[in-house]
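The structures considered in this document are given below.
In what follows, subunit A forms one complex with subunit B and a second complex with subunit C.
Right, the complex of A and B next:
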């Protein structure tokens, strides 16, 4: 299920690329805004919840998920270097699950950790807001990584499609149109965040059971499908 | 000792047939897969390496299917044509990673790097390597587990003559050790120097098979076509057709000149200038009209 060598190659590829700058930039921006808000506005639970919900969960996590999820496999398939993994006695499902674990870990480190810190900066975790959104980002990290990893195995334009999904669907429709909200990783994660705070500060459009079911289903199905895609991946001649 | 069996294998992409009903066995020793660009060599090698499924037919290694069977890679090493490898790693890190994926370690990686004489640059990033150095590190990554089968797609592309010689020596040694080595190339001389056995692929078909003497003979004995322009085309034509080395001559009224088909290459090249001199005819143009590799190969298909 997990191969340490594949993991090492994956995270070095992820963090060694120029795109990785976004991984550092977005959390830095979040922390900067948190400090600014706290200094200028003082501690306010509602403002904290709005910032963590509107920026950290709705924008930062999907963006980092796109970079980590597609970046964990897409470039290798594009340039053909994946052949060095495929030509080894390593199960292709192991390659996929390993890459998923790395993508999840990277997304969690670069989104959940800064979310927690930002939450404490904003209102000192008042009404459990920081912890609630940290839980939400952790959960969302898993689902986004699985989705975008699949996207990376399916399309050469994974990053663009991923960005459109992350920004248009999750950030815009997911916040505005109620129908889209049921099919939004963000809302599923919010359902868990709501459970943690247990008050009206954090709300979700979907119930906890539905949210958990959908999160698990999306993660499992996306990972399974990505494994199938990799098993059938052909390296066509370039003649 | 391992043998790859390719049994009635075809592969098409949409409407394009890349490989057309090929059957061959690749056994121990060095085999060259020869054919012009676009003949289907890479497609065939990708199927042998388990990276592509045949549309029909089967590829097996000692009875085991290679498609969707990761375990064959314990005894197969692959050197792909594409340049891309993990450029952000050093050569050593790359080979060590390949060794680990085979369940081996740093010691085996070091030995493979020594085999390809890349120890001197092993701690440099792959992104700084020349094409020849990349090729050697790719070789090392394919050799770490001492595979009994080695597949190389156009391994000599972009190598300088010295690197080429080194790689040829290495492959020759591996073949002599009883390993099954298969490499593709579109250059006859390359294949001739290295391979004890040659398989020729043209337009997706298996055109010829044999040792290099047989292939060479097939290639030089084929009819040659020439376009000749002279001060007196008809007189020249009359003199040439009298000799058995010439099978047919056509007078090209539109472009001017003669289209000559010679069946005995050596004799014809000696005959033409002699006849012209004896008859006082000036030769203005003598050009082989079908010397492209493509036509050489297509002759083989017909043969």
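Right, the complex of A and C next:
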């Protein structure tokens, strides 16, 4: 289920050269805002929760998930070099799970760690806000990575579709239409974070059972389907 | 071979090889050789020159941004975004006509700001296809084998992207203007506001096109280019608005206007607030005065010039 060579290649593809810069950009921005807020405003639990919920979980995690999830496989399919990987005696489901593990790890490192640090900067983990949102980002990382890895195998416009989903569905519809919240990775993650910390500042629109079921279902189905897509992959030429 | 070979040639080889005439020999005189003419002719028709090549590159890039001249699949996304961009304008016109309002309930200058995500996604999807693929497949040297210079390539791509964005952002304004005339609103007032809106989206188009192309030209991989463009446009806007909201909540209202200098969209908002009669859309209705407006203008122009400079530097040593 895990192939070290595939993992190494994927890490290199994700973090090599300038590509890591964009992954560092967002966490750096979060920390910058956290410092600015602390200096301007002082410690405030509600502000800390709003910022971590609004910027870290709603914007940063999906974006890093898009970059890591689609970046783990998309460029290889795009330029056709995936055939060299597929022609090796490695099971395609193994390739997918390995790439998923790498994408999850990268998303977690680049989103959960800065969230925790930002939480401590904002209010010194008052009312467990920092820990709660870190749990939420960890959970969300898994689901987002699986979803966007699937997108990477399905479409050549994976990044655009992923961004539209992350920005329009999660950020915009999620805050306007309450029905959309049931189908939002962000809310599932919040439900789990609420349970873990028993925190009044971290609330979710969906129940815990629904959230966990949907999280697991989305992750497993997306990974399975990505494996299926890779099994009968046809390389499209550049338009 | 001719039979005019000198005697000395025959003498020197006659005893070794039967037919010396078949041997290519250094002593043979040049006038004996002849390149076989298979009928190639040089082109002597009109040469269309540098301006024509530049225009072609411009129109091809502009059409490419909407998927024209490309496969059917690549038309889907830009056309869909164009439709999404225009649909709210039609709805606004319909409601305004139906309710017999004396003005449209969304101002021309606010329209592109409201639909900034559509503009950002359009730019993020089309800027990389315009420049990244040329870089990745190393086709840039082929362009430069034509009579164009580096400056022509950069200007054509920059101009095409800005025009594509202008078409995207100005068409809904045009729909709204036509609608306002159908609804018999005050012609002079509407025309003035429409003009201000056009100037605003023109500035926005050029600024965004520059930023998008710089991001895309720095990353030959399409996916990373898309993410980089979105990060620069949307995330910086989100961060600036968050900070503005915080400084408004903490009564640091003086900082709001200056914070607006740190993201492309708030630059445009501030600029149109200062000079184009647009409503103040920063938190707390903070007005950008003419003095700060000049700073906004200087930074916008500086950014556009910087984008042009970076693109020129990028293509100095590309592809070869």
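Note that in this section the second predicted complex is superposed on the first by the 228 of 239 C-alpha atoms of A that agree within 3 Å, B and C clash if a C-alpha of one lies under 4 Å from a C-alpha of the other, contacts with A are read in each partner's own complex, and residues count from 1 in each chain.
Definition applied: contacts are C-beta pairs under 8 Å (C-beta built on N, C-alpha and C of every residue); 3 or more make two chains touch, one makes a residue touch a chain.
Since this is a predicted model, take the numbers as computed values, not measurements.
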Superposed partners subunit B and subunit C on subunit A - clash or fit: fit
First, second, both or neither for A:234, with subunit B first and subunit C second: first
Partner chain in contact with A:79 - subunit B first, subunit C second, else both or neither: both
Partner chain in contact with A:88 - subunit B first, subunit C second, else both or neither: first
First, second, both or neither for A:5, with subunit B first and subunit C second: first
Which of subunit B and subunit C A:26 touches, first, second, both or neither: second
Superposed arrangement, angle subtended at the Cα centre of subunit A by subunit B and subunit C, nearest 10 degrees: 60
Minimum Cα separation, subunit C to subunit B, after superposition on A (Å): 9
Common interface residues of subunit A - those touching subunit B in one complex and subunit C in the other: 79, 238-239
Contact set on subunit A toward subunit C in their complex: 18-19, 22, 25-26, 29, 32-33, 36-37, 40-41, 47, 51, 54-55, 59, 63, 66-67, 70-71, 74-75, 78-79, 157-160, 163-164, 167-168, 172, 238-239
Subunit B - residues contacting subunit A, complex: 13, 18, 37-43, 45-46, 49-53, 68, 70-71, 73-74, 76-78, 80-82, 84-86, 88-89, 97-98, 100-103, 141-142
Residue numbers on subunit A that touch subunit B, as the complex places them: 3-6, 8-9, 12-13, 16-17, 79-81, 83-92, 231, 234-239
Subunit A-facing residues of subunit C, complex: 70-71, 73-74, 77, 117, 121, 124-125, 133, 136-137, 218-219, 221-224, 226-228, 230-231, 234-235, 238-239, 242-243, 246-247, 249-250, 252
